[in-house]
Amino acid sequence: MTCGATEVAAALRAAAEAVTEHRDELVELDRVIGDADHGENLERGFAAIVSALDTTGIAATPGAVLKLAATTLISKVGGAAGPLYGTAFLRAATALGDHAELDAAGTAEALRAALDGVRARGKAETGDATMVDALAPAVTAAEDLARQASGTAGVRQVLLAAADAADAGADSTAPLVPRKGRASYLGERAVGHVDPGARSTALLLRALAGRA
Amino acid sequence: MTCGATEVAAALRAAAEAVTEHRDELVELDRVIGDADHGENLERGFAAIVSALDTTGIAATPGAVLKLAATTLISKVGGAAGPLYGTAFLRAATALGDHAELDAAGTAEALRAALDGVRARGKAETGDATMVDALAPAVTAAEDLARQASGTAGVRQVLLAAADAADAGADSTAPLVPRKGRASYLGERAVGHVDPGARSTALLLRALAGRA
Amino acid sequence: MKKIINDPSTVVAQSLRGLALAHGDLLRVEQDPAVVVRADAPVADSVAVISGGGSGHEPLHGGFVGPGMLHAAVPGAVFTSPTPDAVQAAVAATTGDAGALLIVKNYTGDVLNFETAAELAAADGKDVRSVVIDDDVAVADSTFTAGRRGVGGTVLLEKITGAAAERGDSLDAVEALARKVIGQVRSIGVALTSPTVPHAGQPSFDLGDGEVEFGIGIHGEPGRERIPAEPADALVERLLAAVVEDLPYAEGDEVLLFTNSMGGTPLLELYLAHGIAERLLAERGITVRRRLVGPYVTSLEMQGMSVTLLRLDEELTELWDAPVRTAALRWGR
Amino acid sequence: MKKIINDPSTVVAQSLRGLALAHGDLLRVEQDPAVVVRADAPVADSVAVISGGGSGHEPLHGGFVGPGMLHAAVPGAVFTSPTPDAVQAAVAATTGDAGALLIVKNYTGDVLNFETAAELAAADGKDVRSVVIDDDVAVADSTFTAGRRGVGGTVLLEKITGAAAERGDSLDAVEALARKVIGQVRSIGVALTSPTVPHAGQPSFDLGDGEVEFGIGIHGEPGRERIPAEPADALVERLLAAVVEDLPYAEGDEVLLFTNSMGGTPLLELYLAHGIAERLLAERGITVRRRLVGPYVTSLEMQGMSVTLLRLDEELTELWDAPVRTAALRWGR
């Protein structure tokens, strides 16, 4: 029901696998309304996280593991997604502090911190057709579950609820006229296409849930 | 049965029309084994001949008309075909001297002179897959007819016989491995394709015959 | 996809190796993170002018490293802005007490990554400022969106700020100059074909034989609108009108006209377009005082072109004319 | 076909107009017949170095007109050698008592038209010589065929003879130097895509997605053989081996390595290929003493590259290094 550093590291490895599996799909989404690199960028970043975990070993706390992931993303990904996901993981790590175990409430708090970080850096609001459209409902769903089922829901359930909401949130970007990121250059022409970052947010949450 | 300067000029205009009509075909032949400009080159040259005839009027003798055509081709066509056809017309003009009328024997002589000129400039022999493969049999056919039917065949018949032989000669280039001109760079890969200059030689002779 | 590469993941590193071998007199290359640095860096008492961005736009930026222009260039992966640590490495290799100016093209990724690097450099006690160039009039400007992109004007900005640094201007002065240039430069582009990103393996967009993408970016993002192909006279007028009307440039203005190939458009066509652009500007009473024609800000093998106008005054003209010695731009002594 | 042109028949003339506007300090353009002439021509007491050929290979030759290189360039129609009267016009505009050297690429059309022009100039009492460059090892050399083509080596020949003329060498000396360069320079090219000739309107050859044309010419003539696409390491080795083995270049040789883009290949790829070529030469014990990397001898929008090697000695190196100021090559003062 709770997770330690080992489980968080395993979840990140699962996320790396999911990114590789969905690399082409993310490249394709970005090709249509962006510059065809989102899947490539994330694969490079998560592969680097896996190497970092392999070489530095697993840190003592979930927060420290997430911080390693954050700095790796910031220094290996580039593009818009690098700093944004990097910030998300960094804020989540900071929110967790040095607790040895992560629980449902902590998970919801970390997600909230991640969302706040992405918003602060990217200045995007819900409806701008970015990863925020997946992450914002994910946070709400996670908080709802953590609050309602206090004590009964575990980290996995919270992340699954977040992933479900993120999936719906990602789908909701299709009809939008993007206002942030590269897709915004297309204006109306981007309508009908799912935002790649929203999609990757959803699949990352689901992969993390799978091992949490 | 004989032609004056006016008929020669008319024949050149007919040749210009024929070149325009076959421009794309010649470009296509040259595209496959050369650089896709033969039709364009000849069209530019013969259009210039027509303008020259329009502006300078028709000269006094067939030889003088052909000389105008020769200098126009030399200064407007470029490529391999410009100097080669230019030389052909120039040598033909010289062969005709200042005779006011062109007859069957004179036509054959002019064609022979043209062939000698092309050979001297381009150094190609029969079988090298160039315009020589059309022009050489054309000359032989013209000479045969002029000699055999002495007095009965006119300029048109001689040119028609030349055109027929040139057609067959052009077709004969298809199975050859070219040894001169741009198609020679392809070696075996040019086998199966008719040489564009051989083809244009045949169609020029037929067009000239039509008005002679 | 057919490209002269070994593997999409090693393209940038291997290309930089070739760049270093080709231009060892001008620059050196550090790998991991990848940075292109002036051979004689750090240049004492000079502001360091640093630019960078995703690769695939060569000669931008590495081809502009050298005396009179950039002190360092930071190449990211293809069409992906570089990471902050790469920018930091460029700062470390070039920046002394005079500080550094980072030239950032206005894309979310570039802005975020360079911003982070500037913060980190400031934390290290270095005076590092950044300016964001957003000269592409194809994109509606608004604070609610990502805003205009940085495109062709970047080359002019790099040249002029590089010349100012070379003559010993302070960071304050170079920064102010950069903002002046950004205020007076505008661009727009058109694509006839799509680029193919190596790791994507297929064209970024599909374009019919009779269509062009007007208002194209330089990353294979589709353009503002898809229009039927048209003769060069009409196309160049369309490009020029969009640029001239934006600032606007007015009768009596003196400008630098930069006619840029997106990579795949041959010089034969580019000069033709340049001639038309000069005529159209003359008709508007705008004087072309300086010109740059060539493939300087490209998008891989994409066919297309862009037009950039920079309003000139004496100072900008002098800085433009100042000697420059880089792989792609070279004049003066 | 999508091109930035108005009409295939006016492409060259309109492009030259743009060239003249872009580089008025270096050159002027005469039309009908079309000639590109050094702005300061005729240069007193200097041999005039003149080159030319079909258009579509820009910057060759007009981009190399200027101090230290060509005195005039004679551009024909696209992929069509110019006519003798155009060559004569170039001679008339540039040639004084010191005479002129005509640089002719070995194609039947170029040879015939330049030969005629040289004869006519001689008849006018001018001392005009011509040299024929045939550096393309893709074509079997033989006196019974059209022989080898002139390709990338032409740029090096133009630079070096131009420098010799600039330092005041006699026509005899410049001609002898030209023959020396021709004897020591070899090239080969590969195409990944076909160019499209404006007046033809469709690609010159059809190439499958997994194929390349090895031993390609620069006029859209198909190459020596069609081979499967392969990684850059293998492709560059194939190119280099063909060139090195031809002369041959041997261990201990010092060379100029010219890595040329055929137009559509981006610099990102070209530098990558250049790096490989340097490594492969080093492995063979051949020292790369000078290098040139870029799109200098192109074939419209064709993607592909060529490799040229010139064996260097002190004199050739010095002439290569001599100052040059043209639209496409510029260094020294």
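A few points about this structure:
Read from first to last, the chains carry the letters A, B, C and D; within each, the first residue is number 1.
Throughout what follows, a contact is a pair of C-beta atoms (placed from the backbone, for glycine too) under 8 Å apart; a residue touches a chain by one contact, two chains touch by 3 or more.
Treat the numbers as computed from the prediction; the structure is a model and nothing was measured.
Least step count on the touch graph, chain B to chain C: 2. Averaged Cα coordinates give chain B a centre that lies 32 Å from the centre of chain D.
If you average the Cα atoms of chain A and of chain B, the two centres end up 75 Å apart.
Chain D has its Cα centroid 54 Å from the Cα centroid of chain A. Counting only residues that touch two or more partner chains, chain C has 78.
Because contacts link the chains only in sequence, without closing, their graph is best described as a line. The list of touching chain pairs reads A-C, B-D, C-D.
Of all the residues in chain C, the ones that touch chain D in their complex are 1-7, 11-12, 14-22, 55-56, 58-59, 63, 78, 192-193, 209-210, 212, 229, 231-233, 235-236, 259, 263-276, 278, 288, 291, 293, 295, 298, 300-301, 303, 305, 330-331, 333.
Within the complex formed with chain D, the residues of chain B that make contact are 27, 31-37, 40-41, 44, 74-84, 121-122, 179-182, 184-187, 189. Taken together, the chain C residues at the contact with chain A in this complex read 8-9, 33, 54, 76-85, 107-109, 112-113, 116, 138-140, 144-146, 149, 197, 199-200, 202, 204-205, 217, 219-222, 224-225.
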